[in-house]
Amino acid sequence: MTKHPTTGKLATLSPETKQMCERPGTFSGGHRMCAGCPTGIFTKMLTRVSDDYEIVAGNATGCLEVASSIFPFSAWQIPWIHTAFENASATMSGVEACYRSLVRQGKLKKKLKFVVMGGDGGTYDIGLQSLSGAMERGHDLTYICYDNGAYMNTGVQRSSATPLGAATTTTPVGSQSYGRKGNRKDLTKIMLAHNLGYVAQASIHDIGDLFRKMKKAIDHDGPTFINLLSPCIPGWKIDADRAVESARLGVDCNFWPLFEVEQGRFTINYRPAPVKPVAEWVFSQGRFKHLKKHPAVVAAFQAEVDKQWAWLEMEEARTNPARKS
Amino acid sequence: MSDLKNWQELPLGGVIVEAGSAAKYETGSWRTWKPVTHRENCIHCLRCWEYCPEDAIVLEDGRDAAGAPRKFVQGVNYYHCKGCGLCVHECPVNKEGKVVALGFVRDEV
Amino acid sequence: MTKSTAGKPKIVPMTGAGACAQAMRQINPDVVAAFPITPSTQVVEDFSTFVANGQVDTEFVTVESEHSAMSACIGASAAGGRVMTATSSAGMAYMWELLYVAASMRQPVLMTLVNRALTGPINIHCDHSDSMGARDSGWIQLYSENNQEAYDNLVMAARIAEHPDVRLPLMVCQDGFITSHSIQTMQLEDDKAVRAFVGPHKPLNSVLDTKHPVTWGALDLQDYYIEHKRSQEQGMRNALRVIEEVSADFAKTFGRSYGLFEAYRLDDAEIVLVALSSACGEIKEVVDEMRTKGEKVGLLKIRSFRPFPYAQIGKALSKAKIVTVLDRSASFGAHGPLFVEISATVGSYTANRPLLLGHTFGLGGRELTLRHIEHIISESRICLDKGTVGDRQGLWINVRGDKL
């Protein structure tokens, strides 16, 4: 093996990075996601979280599903299934049930894990029923929602995950409208009500944290859920090289706290210091630029973020008193 | 891109039997700018590889100063690279502002 | 008691729904995913007791809706399992989107469809609006006159649906309440005999096969969609042959013969009634009665509605002078679906040109009595003698406010 010329320094690789680069991947290049779409960051991790099992994956209809599977091209290097928009969890429930059946009948011996992916459209809204059903029935599957805050694949229409004041094609800015009215729905909280063994919020910018959480979620026997902040280049109106930076800023202003809940015990994984004002994140994106004329909306947005963060700190203190801030 | 098959030649149910066949599709034609590695300044943190959505950063095997095996950044797979610039923007060496480990240049049309 | 060449059958009193649950128990599928809806509920409830008592190996998924039921069935089938379910009416309507997906993904999901009227108004009784609404979805549709036929059809279903030349989902239809809830005596075949007849399930491109990973549910652009659909259509065309082959083997094994349709006293019939499902029982009785009075009448009872056996039915109608079609569902603003198929048959698959008369009856469980059938037949004779169907075309039978 040859040594390579460097600046003299070689970066120390984190354990997560080491694990990732030493294992074969899931997702090939040549897919048709927009340039700079960060979903390829988390799909790259699927088969790399563990050697103890193999992964079977599935998607709800959406950007990631469409762009990765245009016949006859598939970016998926693992078994993968998509059927429709609102039923990814139900479809995988059937796959997982068949797996359990075949194992019980002695017809199959290997260890498999099941991962379902969907955007906020296919998860918060049209897919909520089937997600709730699958989680409640206790299937051994992990649901990963890549939340970009709108129905992006059909052209940026609002979803229940769209943040307050965002311009979308169904909540456009006009003389009577400042964009999306009302606060977004908190799906992570809804998932907490399903008695799951593991629920987490993560972001595509923090590789180590995301990798660790994906491993925990998939390792766990039983239903688990990860909500992932995943910026959208055309939807958020940011430059193609800014997805990671935008996610980082969204976390640094507490819009998207990184935390996990294991058997009801909350752990806040990252406390930004200093906490950036929400306005800094908001005005880094074209979808909010009109809010310069609506300071009251930005103030309301900040108030909501503060309220949710306070709730989170309270839950951590209540359920995880041993944890030092 | 592919020879279009007759209906009799297709596997039942619209299934794609060749996993990862998207690798044959050239998305490199999308870009207008392209990243260029400056290996002499690279600390091989693999951040560019972690962030690249196209799996277009190519790694190779090597050894560190102590002789332990480790992955290194070899270069860019221009067949798939869409020129988004995430790697360039997030490179920690670039961010330090002293030298450039990943440059970004206009691509030939 | 028909002679079975295999094992010891039993004569039992059983509802149609109960009979299908028994067939499911004997078939012992890998997965059942189902949601309850009247009048198919007993199928799922009976099966639940088999699961609870360890009489089957099935993984039973108590999904939270019919849309999820079909989704889970497709997922389980793609995972290489033999999969069954049951539903009716609004449940079928809710999974309608996925019926097309199951067929296009060539997943041989097996369903007991207990026919019930579609809402509205909401009605729990029998008509064929649910299965007729799905007639374009690509599912094989077999209709059953009574409990025995429902059971027999379901026993044959796996071999038809899973045949490599077919590989399509299949629904066995029976009339809600009339068949599903009435207790009739029937022959329940021996467990081992049924299992031997049905045989093992062969997975195709299973999504659990990590050694040969495949991508199911890809997107087609204009360059491939129609080729995939043409391939799907071929499966349906092949099903005509396969249904007959499997039915012939069933006859050899269990002694009861079925074809794509039943020709009841058709040979010299001048008046032919065409119908589906339980009404055929009543019609046969009236046909026999009127035959004693010298009327040359017969019944064409259709078993396979999809695929529709145009050529074969055309032959069966080659001597008919008037064909009176009874539809138990409406296609508003147009003729009923069965009438339309028979018209296509007579238009393109027969040399003779009989009069064609269509009626709609029985929606929402409205009775069709022997008296009504007798009236339909005698009015058909009048039309035949006049040489025209006149204003009887499209009459809805037994509706207060319309003439009979």
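Quick notes on this one:
As written, the chain order gives the labels A, B and C, with residue 1 at the start of each chain.
Rule of thumb we're sticking to: a residue touches a chain if its C-beta (ideal position, glycine included) is under 8 Å from a C-beta of that chain, and two chains touch if they have at least 3 such contacts.
What you see is a predicted model; the values in this text were computed from it and never measured.
Each chain gets a centre from the mean of its Cα atoms; the one farthest from the centre of chain A is C. Taking B-C and A-C together, the chain pair joined by more C-beta contacts is A-C. In terms of their C-alpha centroids, the spacing between chain A and chain B amounts to 22 Å.
Chain centres here are Cα means. That of chain B falls 54 Å from that of chain C.
One inter-chain figure worth recording: chain A and chain C are separated by 44 Å, centre to centre, where each centre is the mean of the chain's CA atoms. Among all residues of chain C, those that touch two or more other chains are 105, 213-218, 220, 224.
Contact with two or more other chains is made by residues 69, 71-72, 74, 76-78 of chain A.
Residue positions of chain B touching 2 or more other chains, listed in rising order: 14, 16, 19. Looking at the complex, you find that chain C touches chain A at residues 30-31, 33, 57-59, 61-65, 67-69, 71-81, 83, 97-98, 101, 105, 206-210, 213-221, 224.
Residue ranges of chain B in contact with chain A, taken from their complex: 1-2, 14, 16, 18-27, 30-31, 39-47, 49-56, 59, 61-65, 69-72, 77, 79-80, 82-86, 88-90, 92-93, 99.
Chain contact summary for the complex, chain A toward chain C: residues 54, 56, 58, 65-66, 69-72, 74, 76-84, 86-87, 90-102, 104-105, 108, 110, 112, 129-130, 132-133, 136-137.
Of all residues in chain C, those touching chain B in their complex are 104-107, 167, 204-205, 212-218, 220, 223-224, 227-228, 230-231, 234-235. Listing the residues of chain A that touch chain B in their complex gives 1-7, 9-11, 13, 17, 20-22, 25, 27-33, 35-41, 44, 68-69, 71-78, 207, 239-245.
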